[in-house]
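Both complexes shown next keep subunit A, but they swap its partner, so subunit B is in the first and subunit C is in the second.
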Partner chain A sequence: MENNKQFLTGHEVVVQACIDADATHMFGYPITPGTEILSGWIKKCQDNKDLHFLQTEDEIAAGFTVCGALMAGSKSFTATAGPGTVLMQDAMGMADGMRLPFVTIIAQRGGPSSGTVIYSQQEVNLAIHGGNGEGLRIVYSPSTVEELYVLTRKTFNVAWEYRFPSVLLTDGYLLKTKQDVVLNFVGENVEPKPLVSEHTQKNIRNIYTFEQELMDELTNQKQDFDEMAKEVTEFESYKVESCDELIIAHGIVGAAARDAVDELKKQGKNVGLFRPITLSPFPKDELNKLCKQVKKIMIVESSMGQLKDLVKQNLDTQVEIDGLYKPAVGIETEEIIKLFK
Partner chain B sequence: MSKDSKFCPGCGQTMILQTLYRILQEQKSEEKAVLGLDIGCSLLAWDFLPINTFQTHHGRVTSTMVGFNRARPDLLSFAYTGDGGAYAIGLQSLLWAAKRNDPITVIVANNAVYAMTGGQTAPTTMHGQKTDTSPAGYDAEPVDGMKLIRSVNEKAYLARTAVNEMKDMKQHLEKAIQSQRDGNFSMIEILSFCPTNWRVKGPAMIEYVNNMKESFPVGEF
Partner chain C sequence: MNIKILLSGDGGQGIQLIANMICQAAFETDFHVTAIPNYGLEQRGGVSLNFIQISDKKQVYPKFTKPDILLIMSPQAKERVEEYQENGELKLEIGDYESILKENNVPKQSQNIFCLGLIAKILEEKEILKKENIFELLEKKLSTKPGWEENKKAFDLGNTL
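Let's turn to the complex of A and B:
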């Protein structure tokens, strides 16, 4: 496998993953720290005439051009960040309502407002619950450059398999990381299907006349979402066997926490890591199983508690909760180790 | 040829939609046509015609159909919208679709008010017109969509007509479709009856639309 190593940035890995997922159309608007996904995709379009792009007038247009291309059956996507993720909710809301296989890569940056431009973990709530509905979206949070590749491809595949809007939720630190990486292509891609074509005669709506009609639709959507969750939910449990304290972290902070667990074990401390890979659907069963065994959980995140809220929503077990919450600031391994002094 | 109308009695929109459908039938293009619908009264067209239709969001039908067209340039992409969706909340996307010369056809039903929400001031509300949100009469001039779009696109086919000029409406729509087939953007604005919000009856509607033509001259631009 040594031969397959490539020296790539996270941005380049994401672009390659989109191509390897058989995506054909990107619609996007430049915003730091996600811009290089747009510019990187456009560079690939210069040589590969099967790939298409449009730099739109804003994120709203980026989102709705994606919706239109999805209706027509093209694997299309966008990438955005921060205030762009806010504007993207308009189109993602339509995708929520009409079960469109909408794929967006979110490069989290600091907020609120224009905030800071490289890093945060503050777009968890927006990614899942940014629409005016129930938040039935699939959200992946990769912790390494290798996972960026695997989970970007997966984001497309689950979107088209289950027809829920799907998000690859990452950040500028991971996207700007440049390292040797092996792109691990596993599994077939899901074939795209048009919602409308010359072979259909459909009238598709997102507005309902009666309240009951909408509730019935949402009830069906929730059933489908719960069925999908059985197949899609992913997590990493790292050195959790008989541990009595559990770190919970996601994304790039999860990678720092993994290193912290290794060091803490060396120091004789019995600490494990639970890392949700899908923030939605949340790996609830595994969380509760682990929380029955531990005395305390330590939530670590670059936000004031968006992951903590997710954990609390899903926790059925009484357990002491402590944490390190640093909104829009990176968290290093050493800081996590110090929590267990 | 169409299902039951969900529009108010006397609304002009059914005449626009039926004219579009008649042209598609004549051109044997019903299967190739996709009609995207803005939100506002336009949404009521969702199951009116036996062709592919879908609702979008308010002000977003143009960009949705731009995306559709880029995925399926061999089909006919129509964006159906009101004056508010076209010239207020959706103006940014309309201008840019026109500037890029995206080969879609935008059909704007201009009734000079936000009708679905009960008759508020629209971008096309005329000077002196009283509305729900301009009770003392609107004190500015309306947006001229034809001039606006022409300023960013020399190739576009642009025409304004009215629901009481059916022959012209059909010809303009035919030319707009041809323009799309030739790879150019096109937009038709149609002055349309709104008896509910204008609070006028039968013959007075014709008079109202004819008066609108002073603010919104008809013809090709």
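Let's turn to the complex of A and C:
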């Protein structure tokens, strides 16, 4: 047995990643399937007096408390899910406007409304575009428990390095999965710093008097975002060399798709996988490069087509699009294999 | 090798407890373990499932459609796992052991431990783990709690069938 092998749930891995990222404050309101992130963090606070938490009266309060703590320079975060992700948009929208390094862990569950407490991939749009206006956010979608660790660490780093609100978009399946894992992250933590120092005056705004002022600000933000995208955009291309057909999937469905590709290759079928790891910024260039070589793409997701919409927005290549869209239910490897019979 | 085990029962029957025992014992071997619970909003009375994979290769996707071992501990659970039942898997249905459980006075609250004994035996035959591995964990967890003697007997009974 490897010495550093541990048997952990996704929730436990996320909490460990937040601690290892040097996060110090969590503000949240419990909601399934993300509750164990809050309760796990609270448990850690009992042993480590450098860690702090506040369970607020709702997600709106949690989100704005994160905004305040961030401005004071504390590495703060929240975790939420489903209807909680909707309430969180108010504070996330402020973070969009003020470019706060706001870290949210979203545990997707079924919707609309309370839906199910288990699983979905239906919060992609909310994670990327949930605020009013056109806020720019970095959104990671991990596919395995070990990747959950790495990407949680990265979410904090990119938030503080580039000062864009950053989301770790996961789901109830990945968080509840218990698995033998080896947690490993290469790189240093980005240091937090107060956005306003004690004896200086600085006006970080989320409201403008003139239309032109806001447009100028948003134009600058977009330029910074596009510049950042060159550094941050991530994807996985799996067995895509000279493939004829390409599966596109993200998050945990991406893990099922990877297994499906292995099986399909054994059956002599030339199918590869493209998995965006950052849903925002989206790996557009790589998608288009691959789409030039394939006859067909097959989008597989646990929603009615939120990934499909993202792909279509980014696609400037003519290619046949097919897909399997199963809102709020898991998609097993066997089902993906069947698509290529 | 990838052994897929689907445990199903009513909430409160102790499905998650026996799942944890199996997974923890398997984790302490050289095999990879992936497990995911599944239950709804109910605190009690709903169907409780756990999907377990014990494998020599890491299985990253936690769910599956074709279990090798399927445990069914209630009629409600049987209905819920209907789509997972097909010829070929080893099906362990509590109903099939009714007379044995009655003859040996196994109380209802120890039936999950009886099933754990059954599964421990199968996993030992498959050379995945030894029944002692599971029994030690069980002892650690339950030996100071009421009903330990009954649980111990239930485990042994399942394990010797």
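Quick note on the criterion: the second predicted complex is superposed on the first by the 338 of 341 C-alpha atoms of A that agree within 3 Å, B and C clash if a C-alpha of one lies under 4 Å from a C-alpha of the other, contacts with A are read in each partner's own complex, and residues count from 1 in each chain.
Heads up, the rule we're going with is that a contact is a pair of C-beta atoms (placed from the backbone, for glycine too) under 8 Å apart; a residue touches a chain by one contact, two chains touch by 3 or more.
Not measured: the values here are computed from a predicted model.
**Q** Do subunit B and subunit C fit side by side on subunit A after the overlay, or clash?
**A** Once subunit A is superposed (C-alpha atoms), there is room for both subunit B and subunit C without a clash.
**Q** More residues of subunit A in touch with subunit C or with subunit B?
**A** Touching more residues of subunit A than the other partner does is B.
**Q** Which of the two partners, first being subunit B and second being subunit C, lies in contact with A:S74: first, second, both, or neither?
**A** Only subunit B is touched by A:S74; subunit C is not.
**Q** Going by the contact rule set out at the top, does A:Y29 touch subunit B (first), subunit C (second), both, or neither?
**A** Once the two structures are laid over each other on A, A:Y29 reaches no partner at all.
**Q** For A:F7, select first, second, both or neither according to whether it touches subunit B, subunit C, the two together, or no partner.
**A** So A:F7 only meets subunit C here.
**Q** Just how close are subunit B and subunit C at their nearest CA atoms in the overlay, in Å?
**A** Minimum over all C-alpha pairs: 27 Å.
**Q** Which positions of subunit A touch subunit B when the two form their complex?
**A** So the residues of subunit A touching subunit B come out as 24-25, 27, 52, 54, 56-58, 60-61, 64-74, 76, 90-91, 93-94, 98, 194-207.
**Q** Contact residues on subunit B for subunit A in the complex?
**A** Against subunit A, subunit B makes touches at 31-32, 34, 36, 39, 43, 46-47, 50-57, 60, 63-72, 75, 92-93, 95-96.
**Q** List the residues on subunit A that touch subunit C in their complex, please.
**A** For subunit A paired with subunit C, touching residues are 1, 7, 116-118, 143-145, 173, 176-180, 252, 255-256, 258-259, 330, 332-335.
**Q** Mind pulling up the subunit C residues that touch subunit A in the complex?
**A** So the residues of subunit C touching subunit A come out as 23-24, 27-28, 30, 32-38, 40-41, 58, 60-66.
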